[in-house]
Amino acid sequence: MANTFGHLFRITTWGESHGGGVGVVIDGCPPKLALTEADIQPDLDRRRPGQSRIVTPRKESDTVQILSGTFEGRTLGTPIGLWVKNEDARPEAYSEMATKFRPSHADYTYFAKYGLRNWQGGGRASARETVGRVAAGAVAKKILHERFGVEVLAYVKQVQRVVASVDPEKVQASQVESNIVRCPDAAAAGRMIRLIERMRNAGDSVGGIVEGVARRVPPGWGEPVFDRLEADLAKAMLSLPASKGFDIGSGFGGALLKGTEHNDAFRMKGGKVRTLTNRSGGIQGGISNGETIYFRVAFKPVATVMHEQDTVSEELKNTTLKGRGRHDPCVLPRAVPMVEAMTALVLVDHALRHRAQCGG
Amino acid sequence: MANTFGHLFRITTWGESHGGGVGVVIDGCPPKLALTEADIQPDLDRRRPGQSRIVTPRKESDTVQILSGTFEGRTLGTPIGLWVKNEDARPEAYSEMATKFRPSHADYTYFAKYGLRNWQGGGRASARETVGRVAAGAVAKKILHERFGVEVLAYVKQVQRVVASVDPEKVQASQVESNIVRCPDAAAAGRMIRLIERMRNAGDSVGGIVEGVARRVPPGWGEPVFDRLEADLAKAMLSLPASKGFDIGSGFGGALLKGTEHNDAFRMKGGKVRTLTNRSGGIQGGISNGETIYFRVAFKPVATVMHEQDTVSEELKNTTLKGRGRHDPCVLPRAVPMVEAMTALVLVDHALRHRAQCGG
Amino acid sequence: MANTFGHLFRITTWGESHGGGVGVVIDGCPPKLALTEADIQPDLDRRRPGQSRIVTPRKESDTVQILSGTFEGRTLGTPIGLWVKNEDARPEAYSEMATKFRPSHADYTYFAKYGLRNWQGGGRASARETVGRVAAGAVAKKILHERFGVEVLAYVKQVQRVVASVDPEKVQASQVESNIVRCPDAAAAGRMIRLIERMRNAGDSVGGIVEGVARRVPPGWGEPVFDRLEADLAKAMLSLPASKGFDIGSGFGGALLKGTEHNDAFRMKGGKVRTLTNRSGGIQGGISNGETIYFRVAFKPVATVMHEQDTVSEELKNTTLKGRGRHDPCVLPRAVPMVEAMTALVLVDHALRHRAQCGG
Amino acid sequence: MANTFGHLFRITTWGESHGGGVGVVIDGCPPKLALTEADIQPDLDRRRPGQSRIVTPRKESDTVQILSGTFEGRTLGTPIGLWVKNEDARPEAYSEMATKFRPSHADYTYFAKYGLRNWQGGGRASARETVGRVAAGAVAKKILHERFGVEVLAYVKQVQRVVASVDPEKVQASQVESNIVRCPDAAAAGRMIRLIERMRNAGDSVGGIVEGVARRVPPGWGEPVFDRLEADLAKAMLSLPASKGFDIGSGFGGALLKGTEHNDAFRMKGGKVRTLTNRSGGIQGGISNGETIYFRVAFKPVATVMHEQDTVSEELKNTTLKGRGRHDPCVLPRAVPMVEAMTALVLVDHALRHRAQCGG
């Protein structure tokens, strides 16, 4: 089940960075949703390599094709098959990797697990696998928006030590898209871009934090115990390449507060039960409470750097390896649509689960 | 599936804080494992309320009973039913909660989701639910130890701003158990205990960080893409009551490093592929690389405090509520066996998954 | 996952014929359903050994206890834990089985699979395991009745060559319960009872067919492709002890008809799309069409007979074994509530799945 | 999960009879299996329309393409994406079906469930969906053969009242393929072919029985309780289009025997525990016992006939409909590879499950 995500709204991704392409099967999509490629392509364009000077220059148009599951522009309720062809396959660029394990990549662990590996560009461990997630996430976002009135977005909150100031309650998608680093704080965005450019020029890379937000989630989504909403979000985020951490609401900072400081008092407001503060991050006991859900995802710096590094060969001999060719100085701008996609996938799954058990 | 965890080694927990008891069914346990209640009880004792002056004083012996799945002291391969009776049920202590939602508890969200709730002591949202997890985790730890040579442990790394110094490679279980706060750094432990006592006396509570460790995990456990080992760990940890964050290896701190600083170089050592550093936290591309797995879990301060707080009633009126009775100033000492249990459950599940697909 | 059934309305059973008891955890039950032990006990009484002179005389009161999941007589939406103690444990009656495999029982295959077995009365392979299913099935039947207006029942259609005449559209539960063999055709019932008594007196056993019926299932339940309604019913029925076959609607007999004879013509009736005949058995393309669902389950004769039979010992030597003690001449009367239970479990699961994806 | 089958060796199929094609994602395939399109195409050719004069004449080359999951001719352990383009799409042939429900097809139930349908050739309910299963089944058969020494095959046992005489222990694949009806009894095959030709000429259709066989399955595969081997086989078979029944070993006929007649005595033979008879059909208590597994699947006559039939329109008015164009007089010859595929999928899944829990 390693390649399937979700319980009722299920996606199964397939494909390697080199080969016939990458794709996804979406199972459990509600019927009669208006859906064409035009609903999906914009998020793929946001995920696409080569979209700006601060991301990896691999040249892929990443054009999505709906192979099944729709009829006359509407979903049938049957599996939606989506396919994106690989175009910029350059196996020759990876020839040295055929025999050496790239440090902090998955080359060694795949080899240890399976006894063989597709060394061309990372194979299944390539970030290219996220094409399927982002495509499915676009469908999930559409369902959330049209059927439940829920809005999902994400943005770059921090690049190394450059921290943006953003209000999760108010930030708009247009602000996120207003610059190439996808940070809605224009001043911070400028510093972030210059930092990433320095890294690119130095053949190095840099990490940071993406913040995810879901607004207008109604009270009641999420399950007690194991499938708490924050647990499923945590899994979703830690399944993204290069992610190293997740926290929600007050998060790691909340560990520094006292109970009397941390609790979110309830008050009636507009006929609804609301909280005066939102340290809970919109979730209590694993279930949404109607407040804005917000969380952070830490990403390490991309492992491929243009410097010689110590490593080991498949023949188990010490050696060195220097990154070549396409260099991605910062994964964060492209991680933004990935975080949105995974958030939407978790939420639509829980929306359907809630409806199944509790109706409404 | 909210109450089931795992794919091949599956546990299903049941029970509320008040009622016939709490329990767990373990499905998929390998046969012929020596197993009696004596293998399980010690971890339940570590999770038990009333074990020391710095945790909740609820009086429960938490005596486990094996109802099925063993024969003549060995596992049969069929489901293991475990049951712990509730003893210290005092519904009268909760009468005010029958009509008011406790701030930052699950009272409101359960009511919003299900339209009713067991207001006696938190019902299913009570930390009492973790009895089943800890019991099942003891079985998982035994399998890991006896069948795979893997060691799992956890300890309190931080209480509010008091941070312990611990080496994940060397810390021993006996050091963890040498004091009531379960912090293997004796000096820090003393400060932590005094801090928690101050909180208890002030009717307040405090949070912190538990660090989890798994040693001697062989290379190859974990799955690409969605069921990455760190993703399943993240979900496991965020499913624990009061947890707010998870990070692994370099974690959130790794976001501050450059790629050239962060990468773990490979070197041959003792005939094995090893890394010189371990910022990856023992997992690369979702799969274990043979190094020690270590991660942190942030816990918020316990929500029940002995102070009057603003809240709302079931009749949707503003009101106030003051915590009464049993007061838990810090969940961390009892969270340690919970973190160990969830870690072991994730690992044994992945051990079996790896064996299923790849043999060996 | 061998001991869990269902996708949204999930049951997990545990327990062996000898040991602390048998039980079930029901996960995913809708909240606010009125539920007490009195809703469950009647079906357990129908499944109970010793209920009449034509079934096994094991003495069990099979008293069910709700351990969790309800509050003030209503379901909470959280897991319902049900437990039935074992009473009539007589391991000494099974001492010869400790070393010999009973023919056509699961003794040998469990031993081959797990390397050990609980030889006391069949262990997990005992029909006693169905206690949990029947208890959960009673809850499922209540949901179907109260929330969806669906009625489920079953009856003995055939014992060896004695075939009853029953109209699935009209048969009532009271008719089924009007005699000890649970056959609503009184004349056939008399012949069946006499046949079973002859078998009992001869120390032999006899099989037959149970027919299951679900009425007023609305159109639209069931899933295309793998989880067709009839596929899930087939799995449910073949998971019952001693079952050897399943067919639905025209079934095996339908293989003898031509297409022009077999097709069910559609006609409007009372404003609804109806079929003039019902060879489809209420399901087309895996999805209910609004007609009555009916199907048959074949049961072999019980394997325990009071005659000496050739067999093999655990030491892999040829030997003989003669059944002793409690003798069940016919499983069919007790299989009736089992078939009802499994039918209800399949249907309520699909009802929730349909609501999740398609609403309404 | 309607479109996913299996627990550890999982397939997800997608695609409709008209649209971009049909395909399957295989997840959980063991690594290092030699695999190219040439391993899969032969079974697709056996499933293909137009392969002989007694099956539907739709013209499809059904050429399979491996899009992912292999590298240099061996499986990677990552998802195998398989795709078959649709070629002979003739939506115009179905124009009348755009507004009328074909009797005993899934037209009405899909419409009732989803509120819309792809009326072109049956959409997802088309037998074309089985392309993905048969392709995946070819991979499963290869694993069973190469890794476990297990042989799977199926054949036509009966067409209407023409019954073949076949020994499940000895029948060879070459005999099955020696005639176009796939019946290894040459004399019966001749009569079957003539019967089907008469049906074709009369614009009518005919059903029958396919028998499935698995030889050399080791003792120990299968799970107690819900995922019994015969339960999973029953589900697999009843998920095939047009199937109406399943029985195993003695099956429905076993219901006519007495216990003393039905039991399979154990005897040692060649150092192994064997049974003298095989009424159990190779499975006892849900677990394989080392004997040959054999079972039967009943198929109704194909619903499309070239005669005018009563039906109802989407506007809920009585009307009539006459089948036109491509006419399939008998699904049985093409059902043979489908039965083999589903059998192999069940067995390889259980082989991996057994290895996971019990090792070896």
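Order of writing sets the labels: A, B, C and D. Residues in every chain begin at 1.
Everything that follows uses one rule, which is that a residue touches a chain if its C-beta (ideal position, glycine included) is under 8 Å from a C-beta of that chain, and two chains touch if they have at least 3 such contacts.
None of these values were measured; they are calculated from a predicted model.
For the pairs B-D and A-B, the count of C-beta pairs in contact is higher at A-B.
Separating the centre of chain B from that of chain C, both taken as means of CA atoms, is a distance of 39 Å. Averaged C-alpha coordinates put the centre of chain B at 45 Å from the centre of chain D.
Work out the mean CA point of chain A and of chain B, and you get 26 Å between them. Taken residue by residue, chain B touches two or more other chains at 1-4, 7, 13, 28, 31, 77-78, 113-115, 124, 224, 358, whereas all remaining positions touch fewer. Taken chain by chain, the contacts link every pair, so each chain touches all the others.
The touching residues of chain C, when paired with chain B in their complex, are 1-4, 10, 12-16, 19-23, 25, 27-28, 31-32, 65-69, 71, 74, 76-81, 83, 113-118, 120, 123-124. Listed in rising order, the residues of chain B touching chain A in the complex are 1-5, 7, 13, 101, 103-106, 108-110, 112-115, 124-125, 129, 158, 160-161, 199, 204-209, 219-228, 230-239, 241, 244-252, 254-268, 271, 273, 275-276, 279-281, 283-290, 298-305, 307, 309-312, 316-318, 354, 358.
Every residue of chain C that touches chain A in the complex is listed here, in rising order: 8, 28-31, 77-78, 224, 352-353, 355-359.
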